[in-house]
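The two complexes that follow have chain A in common; it is paired with chain B in the first and with chain C in the second.
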Partner chain A sequence: MYYAGIDAGSNTIKTVILGEEGIASYHVIKTGLGGEEQAARCLEEACAKARIGREEIACIYCTGYGREYLNFPQGRKSEIICHGVGVHWILPEVRTIVDIGGQDSKGIRLNERGEVENFNMNDKCAAGTGRFLETMATALQVPLEEFGACALRATEPVRVSSTCTVFAETEVISHIARGKKRDEILLGVCQSIVDRIAAMVRSIGVKPPVAMTGGVAKNPAVVKLMGDRLGLPLLLPPEPQITGALGAALMARQDILSRQNSQPALSG
Partner chain B sequence: MAALEKFEHWYHNRHEYAREWKKRTGGKVIGTFCTYVPDEILTAAGMLHSRILGSHEPQDVTEPHIFGMFCPFCRDSLAQGLKGRFNYLDGIVLAHSCIHYRQTFDSWRAHIPTEFTYYLPMPNMVQSPSAKSYYVGEVAKFKAALEEYAGKKITDADLDRGIELTNKNRRLLHKIYEFRKTDPPKLTGTEALYIATTAQFVDYEEHNKALEEASEEVADRTVDRDPGIRLMAVGSENDDVEFFKMVESVGATVVIDEQCAGTRYFWNEARIQPDRLQTISDRYVERPPCPTKDYPERQRFPHVLQLAKDYKAQGAIIMQEKFCDPHEGDNPVLKKYLEDNGIPTLGLEFDSTNPLGPFRIRVEAFLETLRTDDLF
Partner chain C sequence: MTTTAPKKKGRALNSSYEAAIVLKEYWEGAARHRAEGRPVAWVSGNVPIELFWALGIYPVYPENYSAVCASIQRAQELCEEAEERGYSIDLCSYSRVNLGIVLGKGVDHPDLPYGGLPRPDMLVTTRIPCLPQVKWWEVVREFFDIPMFVVDATMVDLPIRESQRQHYLGQIRELIPCLEKKLGVRFQEDTFLETLKLSDRAAEIWLELLDLRTAVPSPVGSREMCGNVFPLVAMLGNPRTIEFFTHLRDEAKQCVQEGKGALENERIRLGWDNIPMWYNLKFFSDVEDRNAIFTYETYLRYVWGGRMDLNDPWTAFADKHLDVWLNYSINQRVRTLLHDIVKFKLDGLVFHQNRSCKRFSMGQRDLAQVIQENLGVSSLFIESDMADPRAYAEAPTRVKMEAFLEMLEGKKS
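Moving on to the complex of A and B:
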């Protein structure tokens, strides 16, 4: 039997298909204009990768910013719970998650059962989110995928002091105009996001080990700086972007299993 | 209209209500700043207490008058005056609480003419042994000023009437709040918000009558919604109906509040004493304190916790009005205090308009953490 989890984020839609043997497939697409159609497309692609038909999926759960707009899932859960469940399944030892997504960043503290003990989220703006990095990548004309690697080539960061995305962009442009090295500015941008998120995560009390998830966890400079700042090595799931969707799929499975009156099987 | 619907109607048509009241009675309408204004005296003088509240809409009129770092409630309130929405007011009165509010009052006084304005220096050090003897003198001066303005004495019989009507209102509000204690609660937090907030600007006789009728309606009610998690709302002037509606649409019911637009306004009655003015002024010195007045002993925290226990709240949403220093000082300590006593909290920062989408994500996640047992 198969189960699906869809994480309809602000920037990307992620789908994970879970089979009896673990993750059968996953797929990530840009949200674009979003909506039901785009989420269905993402699900179809994931089904194709798993070589199954959609009718073989017993239950679909949805999470993420866009979950309210989707009609086809059988259940909806917040991204906080889903990241907790997803990370706990892959890395059961993890007690704190730093998740940086497209428009939200979160600190989530888990207990030994993977249940959320405490969480905190960014304020109501794009500071300290993936969108912040995207804006800076555009200003510096660096593809997002290369952002982190380029930043790590710099030895000294150029300080970016504005937390506001718009003001920070202006600051970055003025650094470019003053002839500062691109990679050093990139490192400064990463440092700025880390400073902000680390402070937020500390407010919930950091318990090691710490894992990082979300699209921004694919930026090696942010991961390295975050580890330095928290004074801990950070664990990374093999695919950090899909832990929310994975958590949703696990909860879809749990839904069916509990209906069949079976014992919970969320861990392992 | 069913009695319960009246409160919602008044809430959304407060200006029409006040204009109609004025036309019907020929009385004066006095705008009040802060729940520390002794509404008993205004009622005794035959005037309508009309609380100045914001409208929770974006506005662009206050920038020239008060700083952008003044709390959004102050800016929203002043905007209502500058936009002429309170142009029926005959006077305004402020009971001192915080500096943002006093300067909002000053700006109103300077730019929006009314016949009568009064600054009532309510002491912040309410725990001082001399607070009561000081404040009764100030309340006497306030009474004299109203008499001079109205050209008419406020008699002992008038004061008795003022005290009786306001105390009755407090008793009736307590009575209807009892329906929030039941499982499932017979009254939603949104309904309670309409009910408690309108007490601040509807004639007490009418409000009392509606409360009596509504209590009977609610008593007979069968609750057809899943109440979900029982929450407490802690804040200041957070009468954001849309927020309460959102919270109650995602699997929760707000069963009790500790905020100015709620219990802090009506919680204690005036204790009847031989001296009528002492009866009135002591009531405000003794009431559940605003953080501006809760010093040096912290009396607010045990009061909040007791409310949470009495109404069986499973968690609390701490609604932090942005830039409200007195509450910003309290909230980290209050959060810890509640959590140490078994009440998990979610802190949210409120502006005059709020991002309901991101707030919903946080509230849903908070509710899920309170329901963790169901998940596994």
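Moving on to the complex of A and C:
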């Protein structure tokens, strides 16, 4: 039996297909204009990778900002709960998650059962999120995938002081004009993300071990700087972008199993 | 899977519909008082309101007027009027709405709710709830060229000390002759004591009503109660307040006796800290789809209408005004909240980090931490504003609230 979790985020849609043996496949696509069609496409792609037909999926759960607009899932859960469930399944020892997604960042604290004990997230500003990083990558003409590695080559960050994505872009452009080294500016951008969200993460009462998830966890400079700021090494799931979708798939599985009067199976 | 229970339509208490009538009566009464040439004072939160009713001075609350404007989605345009004139968006939104009216449209512009604000003869404020109020009033004072009186108070850590009490009463003894002289009224202690009795009776009934909300299921949620509180702010000493609160209390009492709650299937009980988002009171009722109810608010319990021992009326009068949430030390807030969370059987607290009200918002993290450590009760923080809707972000706030409810549901199951 298969289960699917879809994380319809602001920037990307992620789908995870869960089989009896674990993750059967996953797929990530740009949200674009979003909506049902794009989410359905992401699901179809994930099914194709798993070499299954959509009809073989027993239950679909959805999370992320787009979850309210999708008609086909049988269940909807907030991304905070889903990230908790997903991370706990991969890294059961983790007690705190720093999740930085397309336009939000979250601190989530878990108990030993993977249940959310406390959380916080940014309210209304895209500084300190993946969108901020994307804007800066465009301004500095660096592929997003290389952003972190380039930043880590710098020894000293250039200070990017603005808390506003738009103004920070202007600030970065002025640094370029003044001849500052690109890698130092990149490191400064990563530093500003950490500056922006570290206090928010700390406000939940950080308990080790800490894992980082979300698309920004693919940036090794942000991961390193965040670890330095929290004074702890950060654990990374093998694919940090899909933990929300994985959590949704696990909850879909739990839904079916509990309907069959079976024990919940959120771990291992 | 998200479960949606059928939601009860309309108000939980029919008497809540009376709130709009009482509010209208108050503002129409203010206009009439002005038209008849009788004195009007603009006052702010926690001024000794009974004095004004006893002296025949109509106490007009621009803060309430700002809240009214917010509730009918008129606050933003008025804030912008003030901002156009150089008042920063970082200032209190109540003050921006009011300054937008005073300096922009004018207080008697026909386009304004209830035909506008009656022009003041005098301004009276107090440092108890906040300091920006004093600066706001200074702008208004200069505009109208009228007298202004500021009542000071020290922060209290209960019980109130005699020196704190005397500091406050000393200023009340100065305020009375000042009002007599500036507004041509005469203070009569008998009338004042009678007003105190009416005030205390209204407070007594209000507190009984709030205590009925300790019942499981709760008879009434925050959306309604925030709409009902106004007479406790501005009409203490007015018999109409007693009448209205009695209707509410009796109806709630009957609901509790019959085991009838505001929700068909109450599962989660929540508390709220800070001034509500007046433009978005729906926030409170939206959680009801998930069988959750807000049944406690620090704002409704400790900001207005404390009790008085009228055997010693002046002491009681002073203590009542000093013994309010916004004048409490953090330690006093902690003690109060720990007690009330147990009393109201709350599963979680929602702290509104109100951009406008620094006094209310400071120390909230400390409160949340102590509550978590001592009672294991979780808190959620939402950033917004009491009157300026631009400070509210719908999508992320909904995500946070849903996750919080899911978390509390998980804890209960």
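What we mean here is this: the second predicted complex is superposed on the first by the 268 of 268 C-alpha atoms of A that agree within 3 Å, B and C clash if a C-alpha of one lies under 4 Å from a C-alpha of the other, contacts with A are read in each partner's own complex, and residues count from 1 in each chain.
Quick note on the criterion: contacts are C-beta pairs under 8 Å (C-beta built on N, C-alpha and C of every residue); 3 or more make two chains touch, one makes a residue touch a chain.
These numbers come from a predicted model, not from an experiment.
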Fit or clash - chain C, chain B, common chain A: clash
Partner chain(s) touched by A:D255 [first = chain B, second = chain C, both, neither]: second
Touched partner set for A:K207, first chain B, second chain C, both or neither: neither
Touching partner for A:R41 - first (chain B), second (chain C), both, neither: neither
Which superposed partner A:F119 touches (first chain B, second chain C, both, neither): both
Which of chain B and chain C A:K224 touches, first, second, both or neither: neither
Partner chain(s) touched by A:S78 [first = chain B, second = chain C, both, neither]: both
Touching partner for A:D104 - first (chain B), second (chain C), both, neither: both
Common interface residues of chain A - those touching chain B in one complex and chain C in the other: 65, 77-81, 104, 115-119, 121, 123-124
Touching residues on chain A, where the partner in the complex is chain B: 65, 77-81, 104, 113, 115-119, 121, 123-124, 251, 254, 264, 266
Contacting residues of chain B [partner chain A, same complex]: 349, 355, 357-358, 361-362, 364-365, 368-369, 372, 375-376
Complex contact set, residues of chain A against chain C: 65, 74-81, 104, 115-124, 203, 205, 255
In the complex with chain A, residue positions of chain C that touch it: 1-2, 365, 369, 372, 378, 381-384, 393, 395-397, 399-400, 402-404, 406-407, 410-411
